Amino acid sequence: MKAIPITATVNGDPVEFLCTPDEPLLDVLRNRLGLTGAKEGCGTGDCGACSVTVNGRLVCSCLVLGAECEGAEIATIEGMADGETLHPLQRHFIEKAALQCGVCTPGILVASKALLAQNASPTDEEVRYWLAGNLCRCTGYDKIIEAVQSAAAEMRGEV
Amino acid sequence: MALDDKKTRFKYVGTTPNRPDGVDKVTGKAQYGADITAPGMLTAAILRSPHAHAKIVSIDASAALAMPGVRAVVTGADFLDHEDAFFADVSETCMAKGKALYDGHPVAAVAATTPAIAKAAVRAIKVEYAPLPHVTDVDEAMKPSAPIVLEGRALEHVPAGMSQNVTNTCEFGHGDVEAGFAKADLVLERSFKVSATHQGYIEPQACLASFAADGRADLWCCTQGQFFVRALCSQIVGMEASQLRVTPSEIGGGFGGKTTVFIEPVALMLSKKSGRPVKVVMTRDEVFKATGPTVHASVDCKIGMTKDGRITAGDMTLRYSGGAWPSGTIEMGAQAGFAAYDMPAVRTVGWTALTNRPKEISYRAPGAPQAVYAVEALIDEMCQKLNLDPVETRLKNAARAGTLSSYGVTFQEIGMVATLEAAKAHPHWSAPLGPNQGRGVAAGFWFNFGGNTCVSLNISTDGTVSVTEGNPDIGGSRAAISLMAAEELGVPYESVRTIVADTASLGYNDNTDGSRVTFAVGLATIKAAREAIKVMCQRAAAFWGIDAEAVEWIDGAAHPAGPNAGKFPPMSLAEIAAMSFQTGGPIAGHHEVNVDGAGVSFGVHICDVEVDPETGFTKVLRYTVAQDAGKAVHPQYVEGQMQGGAVQGIGWALNEEYIYGADGRLQNAGFLDYRIPVASDLPKIDTVILEIPNPGHPYGVRGVGETPIVPPLAAVTNAVSRAIGKRMYQVPMSPPRILTTIKG
Amino acid sequence: MVKVRLWGTLRQWTDGQAEVDVEGRTFKEVLDALAAAYPGLGPQIKRGVSLAVDGVIYRDAWFQPVDPGAEVVLMPFMKGG
Amino acid sequence: MRYMTAETAEAASSALAAEPGMARVLAGGTDLLVQLKAGMIRPDLVVDIKKIPGIREITAEAGGWRIGAAVANAELKEHPSVKSAWPGVVEGANLIGSTQVQGRCTMAGNLCNASPAGDAVPGLVAADASVTIVGPAGTRVAKVIDIPAGPGKTTLVKGEIVTAIHLPARPARSSDAYLRFIPRTEMDIAVASAAVSLTLAEDGTITAARVALGAVAPKVVLADAATIIGTKLDEAALAALAKAAEAVCNPIDDKRGTVAFRTSTAGVLARRAAIIAYNRAKGAK
């Protein structure tokens, strides 16, 4: 298989990479760009651990080909904090104990950020349905919902 | 404080500081099993049996080996023969020898320069199979006509009417069961079925092995126990333990499922053959097909009860299958089944039979949910028949101090009554219900364990503290251990950093399992801190020129005591640390112990559901968990264990199961059809932590992680059964099963 | 003498007795004495057993003292997940 | 495998037609990449159609809507008008997979994947929607119901691609609804599903209706809508509809459901979807 050269941006940085035609974006991020924050929990779009945004749209990076990403703006968990300053979601996830093993956490944070970008005041039920594609086996989700809501409140300037 | 003194007032323990691994985990920096790489690394792929049961006639890997980029192939022939059945069995779960025993059983593995070449090479390996008859159901496997899964592993005396697949039997109990039934006003006997479930950790197994030409090797992997991995791999591969260093990565969930090896010996063998580092990462379907699920079970349960709700006797027969190899889990289930109750007469008989399924591995309270489910569901049915309140009835029969337990031990102070009282007092228990809704309650029990534990605690010259422990942190244990070190030493939590060591850095530690880490590693940490305090008191005494016995440690500082009290200003940990080089050298404490005294725990769960009478769809509306957790070191993380365990149990009750086809192949090896709960399936999971101190721990800490998965199977069953007005006898209660019962 | 309670499966090796008396002051002495007096128990003891002394379960603690008045219960070797 | 981006539908069609080996179309990729991952298929050529002009656009046409074949279902949901005319079609499309999958998956992809359980298809069939197909023999239009041929098979010939889905114009007092049964609340494949599209007279009598069922036969099937036409959806009509739905079921027993369960649930869903569609057509929100 002949590799394809792609130019894109990841977390605002210009990147160039070669990928095989059948190579998922997830493998590109992890194996070619050294961005291992997105995880492969299933490789079939059922767990959400590989969530990233491509051109602002939340996707499973295991279900996108690297070859499709010419010119794309990709955002991953590695770009969520601003230097040493954590995003409110990241901070509230730690403070509310919304993670245990943490392997689903990058995907859930990316997905939660995408939710709050389009709905600053979701109900608990809206958060639960939005995150239905992000499996977490440790927490039972309770503290995740709590952390998203408290981060949302802070982002709305209510705290 | 003396080494064994108890402490009941706390400054740091019981607070909820941020976990030390938090920032790395929310920024994507934390390194899990699949995130680790090495220069020159090869990638492996594994060829697996498509047959449930087949003789492997021949394996021809020549075409694979001829492919450019392929550097090594291993098959069962490369693996040593082991006399010890334990090691032989583990080795054979990693690579079949002669016979494939289940769909997904590894048959060969390839290491190549890219994943694509490895996958293509696996396809190029030619295996000739001679398929054999298979059996995947425990009841079928016990019939004399069943195909024999493994020759030579049957009980010495298999009873008439049973097959050579029966590998284990056990019996527990006391009293005259028949006499007990004779005293009952109602005796009910029911049969239950419990499907096998998977731990469902989100991170698939992954490892990287690197074998050096001189016989040393390094292994990085996601595991619940690097020391056990070393013990298994060194035996399977045939090397000295000290020559293999195992470093655990962050672990993306385990729940018992990462307490053994599947791919690590394969990676080591491929690395040895190729001379290159080799990485193995399982795919999700490999995880489902070929790592350990739970046992599946078939249970007959019989209980006698008087009109006013006193249990007179219980008798239960449990049939478990842990797949193609013998498994001892039946003993845990048989002991746990009736353990929550004061049984005048009780008998539990257990059987284990082999089936063509992957080898069972622990899953949170292994063996207990299946047995307790039957007991708790039957008690609920009897309460309905006798028009009794299910909580009051459980209170009437609850085990308490002095009760002779179903497993033979007389209980000391335990929390069953307190836990039931907490459930009864919770507003959930008395809230109104709507149409098609039902409320279930169920209790659960688990033993909890301690085990081999080593902790090394070092005081830095700047007055900060490093704790080195040997148990992968699966739910926040580094934070809990840091809290206990801070508490004992009297320094801020932020001054303590706890790390998980590789196998070369500490003595043997048992796996992160059995709800043992916060309890046992915490205990060793406290004792290591007390050792360090002793040294620091000696240094201060020497500095002051007084007797070391006349110095006491209060709130992070050495104080002259007794006749010397007030003679010198107290000297803080930081001050003593700063002069440590001049006063005898670096200061440390360590503690190595095989901890016992974990203390049993009880949980009571309340569940409300609404069932769609036309489709059987079940929605969990409200859920409450009450549990005696001992001293809650980090209460948020204790709640997290209770919520997470309950939700796993809810998944088991409603949807999760291993489904085998008539061909003996697994039908649902993916998250699409192995349906673990998603966020929108669930309500808030309310928690009540009862801090009943464990006398076996200096701070009263008790294991909490496993008990929460025990009650949900019955709590949800009882809720559904009450909602539909008919009893359910099988989990999971998938909608077709519920609808069949409704239409009944 | 220590009175040791046995689980049901083991009673086939003790002529049906649910409790047997043996000499022993520690975990290991009790196990050795059991295996000596009832050789049928040997294989199970070798495979692994726990001993509960006054309600506390011990798994490998050879030197754990066992007082003559204590409640001593033999259990299978226990494990968790 | 080769990957190519087609600039026109014709270019895509010729490349697919010219490929001697296995060729696949890539729109959202949410089925294709899963099949690649599982090793179910190893195509020689994948043609990405997302760069074809207009293929990611929703446009009004002849009182109805033209939905480009590469419009992601999340984009469909965000469109200000389609949902008010065809709420059932849009809700069906939006039940596929997760939020993440919604960002990629398309109705046309769901249709051409030809799973009997595809959530987007019953709504389109009930709507009597059609598709534009570009192929080696030129452009043709076909009804959605005629595209699936059975599980995983379509009636498209080699080199043909669907470029757009057409939702027809809506008479007054028309609406639709889609319901599916899954064991969880999200993330599952439909065990049974039903879409109902109907039009009412001023007095509330149903004048036209189509009822399509998913996951109960090798492909989406229509149930006899005459059971509710001419009625005001009274209990008798609903019972007749449920029976008619059950009558056309020809499902399989599998890990997701039994024949009996699928059949009875299809009847339940048809009845419930009809009530929702009826209330919507009457103007209820």
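When the chains are written out, they are named A, B, C and D in that same order, and each has its own residue count from 1.
One rule holds in what follows: contacts are C-beta pairs under 8 Å (C-beta built on N, C-alpha and C of every residue); 3 or more make two chains touch, one makes a residue touch a chain.
Remember, predicted model here, so these are calculated numbers, not experimental data.
Asker: Looking only at C-beta pairs in contact, point me to the busier pair out of B-D and A-B.
Answerer: A-B
Asker: Taking each chain's centre as its mean C-alpha position, how far apart are chain B and chain D in Å?
Answerer: One centre to the other, that is 44 Å.
Asker: When the C-alpha atoms of chain C and chain D are each averaged to a single point, how far apart are the two points in Å?
Answerer: 67
Asker: Take the average of all CA coordinates in chain A, do the same for chain B, and state the distance between these two points in whole angstrom.
Answerer: Their C-alpha centroids are separated by 29 Å.
Asker: What is the distance, in whole Å, between the centres of chain A and chain C, each centre taken as the mean of its C-alpha atoms?
Answerer: That pair's centroid distance is 55 Å.
Asker: Among the residues of chain B, pick out those that touch two or more other chains and give their numbers.
Answerer: Those would be 255, 283, 671-672, 677-678, 680.
Asker: Touching two or more other chains, which residues of chain D qualify?
Answerer: Within chain D, residues 37-38, 185-187 contact more than one other chain.
Asker: Touching at least two other chains at once: which residues of chain C meet that condition?
Answerer: None at all.
Asker: What pairs of chains are touching here?
Answerer: A-B, A-D, B-C, B-D
Asker: Can you name the residues of chain A that touch chain B in the complex?
Answerer: 1, 20, 30, 35-44, 46-47, 49, 76-78, 80-81, 86, 90-91, 93-97, 99-106, 109, 124-125, 127-129, 131-145
Asker: Could you list, by residue number, the parts of chain A that touch chain D in their complex?
Answerer: Touch residues, chain A against chain D: 1-2, 4, 20-22, 24, 43-46, 48, 51, 57-60, 62-65, 67-68, 111, 114-115, 129-134.
Asker: Which chain B residues qualify as touching chain C in the complex?
Answerer: 169-174, 255-256, 259, 328, 331-332, 335, 347, 349, 361-366, 407-412, 446-451, 513-516, 594, 596-598, 696, 703, 706
Asker: Give the list of chain D residues in touch with chain A in this complex.
Answerer: The contact residues of chain D facing chain A are 1-3, 26, 29-30, 33-34, 36-38, 46, 48, 50, 72, 74, 97-101, 103-104, 185-187.
Asker: Help me check something: in the complex, which residues belonging to chain D touch chain B?
Answerer: 37-39, 181, 183-189, 191, 254-258, 260-261, 264-265, 268
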